[in-house]
């Protein structure tokens, strides 16, 4: 068979292994012993959880400083008011006023030590919010190219034979260009002694496009050179066929290269079907593309 | 015909479709169902609208907090002044003082709850301005290579035949390098059953240059291998010729790759004309380039 | 010998030179006359030292401004309190309140000049913290791909002969893709007049992989074309063999290219050994990779 | 002659034109009609001028707001002090306190309108310093690879003939990798009708290196295929020889590609000389490179 190679997964996957690439593009692999990066973790978590965490940390820091001010003597913090506040609350609010540099002055430090600690706290406040600013910026500035892959890959009539095809569309307003597709096949092969997982490149009719304003139907002709040649639907199941997809492109909006992964397993491949056209010409002379109909296909009799 | 391929537009454009690439480099396509990114939208809007929106949002947030303080009891906010302010205004100004961390102290919180809410508001103020800082930074830090394309593409005498040519110039102070041009032809082809839109690569005399301090005249010789060979001006109209252009380069100032798109339709192509030289040698031994005369051409008799 | 070339080290290394590439990927070279960049130095230092330095600088600036305010006359700074503060401390704390823009107002400027200087100091405070924010952001946002290289390179049985191999694994949660390995050999060669250090490319069985979720064993078959062909362990020592490694890849998390260097010297190469498999299939159908067992090998009898 | 091409300068340079590439890598070309970017200009100016400009703008904005407050009525701004301040100064200092959000509260707004304007000014202050932060960050975070080129290119004995060579060294602590050199020749050619400026690629013995910890001597052998073959020093002058250099590499510290330009004109080329070795082996087994001796050469008899 042609084009056998190792895309980086090795060939000793156990036979009961689930799909290699998950639907969100991650790998079906757990990795023990990872050295984590707290910064990245904070950047990757959902927005609400991030704000909650920042708030929690902010309150914690102020509680800590409240205790420091109480140790230094809460009587050195003047609260210019008839209202009475307990020592802890007075210290806690003073810390909040200081850490955020809001400094109303309704609560203020009196003696040298408290003044000095307050000055240092204000500086730490700046650094804290510097980190928060960095994280907030990073959350927003990362390229976030998102492709919509058709739910199914199809085996469709093509030229004089048939072809495996699927469709992708850019669902963001980002402009993507210079798209490049690589499609690989993962297949169980009975090699006598044991069943090995082997990988093959699938040759594409068009493997790269310059512009990507519409959807792109990626087509692998199942001809004599294809590792899928003459395989039946039963073979697909038995060999636990998985189509691995790697899409690369240039995100013009973020001026960065983007890489996207996807896969179709044998049960996501529909036989003898055809994609329905997902754009139309408007009377205004424009083309209108419907992103969500990238999935739509019709079964052929 | 040689070099037929699909640059990513498909071949089923209706015959009444307008130009493919608009003059600003966008595609003549509307896309339904796009998942928008608010951040990017804010970054892309004009500067004045951005400031107006930030201001509006800022005022809104402060109105919101004013109501929160009124619910907590406006009597807990002390206004140290003989001047009388209505409850809403007192709360609103207190919120402004807090959210921006300006904290004059002329209006200050008295009871624990108001103090705590004020402390949280100051933190949210930091996060709000963190986002604003990120957006402001992003607005300025994006590479903004802008090429000026000559208004027209010309059919000029060239060597022993003729050539299609157009001229580009960098109109920014950014240094652009390693420029690479790709020129394609979109053409209606009557293929019996229906008229299809087909695409061809146009071979260039020079398709890349290392340095780009002057203008660059991009030349396609119309020889026997050219899909434009022996076509008349009438053919251009009838076949709805569109010349698609993709320029890539490296923006040294921003250390990023840039991609630019442009197109000329049949009615923007001038026959039998020649570009006028747009730079001159000064007596000081320097070359002076006039950016805006990139458009200038003379008609040949 | 084939593939002799210069990877950039030159060939006149003295014979007593230690290893070329250190274990942390730096070069065993000191460079006199470097023009340093303070910003980069601050970004590269450990976090605690960075905070200490920022704090020290912050205190220094405030001491400086304290003296300026004393020269302008400390009596122009009003301290609204029964507590008595010496002039220096009053000026110092006033400076802190101003530089951080905390501005409690418990200490405030009275005359025009002090007011103006305070206004300028607040502006400088913003710029100072702008720089600090930039540094903090840069500390966190740099790609920090870290590969774990097996402690040893092995000479293992491979196909019908033997091969030099080592193993790498990604120890970060970052997703790395499109990995590319280049392996070179540095070897002392007695060329009559003098012993020169020569460099050779080592051909790899697989020199690039698309995906990198597991470990990657990089294999150089020691066949007739290899510069290691028929060398004995004694030759390795005598020729002061060093295997130089350059790994390139794309860090999807940071959307940036990463480059990593490593080397094995003759005393880090183990003869007649084999790597132990470092992942297993879980009953859940997932693969579990143990990052730290990338080092594990077994000696063959 | 082989390898004639256009690197992007055109061929109609007047004969009295000075060098093409200046010593700082800019081109000897003025460009009329450039659309400037204020942001970039501010980022590129020297640090002291930048701080001066920010300060000037800051003072100007505060003068502007002072007048706004005076129009609204300076009597609405309370100055809690026995000291008397003229209306303008009171308004100006209030503006400074507000714009920087320092808000001592020694000067505070009384009526609704002044309060509102102050709230808006504080917001504008944030945006102003957001822009300043962005600029400060950009100033520091740009890759700033600086290569030191030897002052002269040499014509040295090389193998059995001679070669044109020059030397470069990285003078920053940044790690540069995957260096790639391209060297071109600009030469006046008398082509009968007029003298044209022509360009040739010069073939290099080694045109790329993986690592760049030492200096790199770039060598063009002047053999039969070289456009410099058999040219005399007089020819160099008469043909106004200029050697154009383009160095590309990957800056590992900033994870970005860098491009550097340089040129040697005929009067910077030294005949019959040889570079002096600029590194030595220390007793510690390290190599020590002296960056500034990259220039040193000795004349051969």
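The letters A, B, C and D name the chains in turn, as written, and every chain counts its residues from 1.
FYI, a contact is a pair of C-beta atoms (placed from the backbone, for glycine too) under 8 Å apart; a residue touches a chain by one contact, two chains touch by 3 or more.
It should be emphasised that the depicted structure is a prediction, and the values quoted were computed from it without experimental measurement.
Chain copies chain C and chain D are related through a rotation whose angle, from the C-alpha fit, is 90° to the nearest 5.
Two copies of one chain, chain A and chain B, touch each other, and the residues they use overlap weakly: the shared fraction of interface numbers falls below half. Using the mean of the Cα atoms as each chain's centre, the chain most removed from chain D is A. Chain centres here are Cα averages; for chain B and chain D they lie 26 Å apart. For chain D, residues that reach two or more other chains under the stated contact definition are 97, 101-105, 133, 137.
A complete topology is adopted by the chain contact network, contact being made between every pair of chains. Across the complex, chain D is touched by residues 5-10, 12-14, 16-18, 27-37, 39-41, 78, 97-98, 101-105, 108-112, 115-116, 118-120, 122-123, 125-127, 130-131, 133-135, 137-138, 142-143, 182, 184, 246, 254, 256-259, 261 of chain C.
Across the interface of their complex, chain D is touched by residues 101, 103-105 of chain A. Across the complex, chain D meets chain C through its residues 51, 54-55, 58, 62, 81, 83, 85, 89, 93, 96-97, 100-106, 129, 132-133, 136-137, 140-141, 144, 146, 171-174, 177-179, 206, 209-214, 216, 250, 252-253, 255, 277, 279, 281-292.
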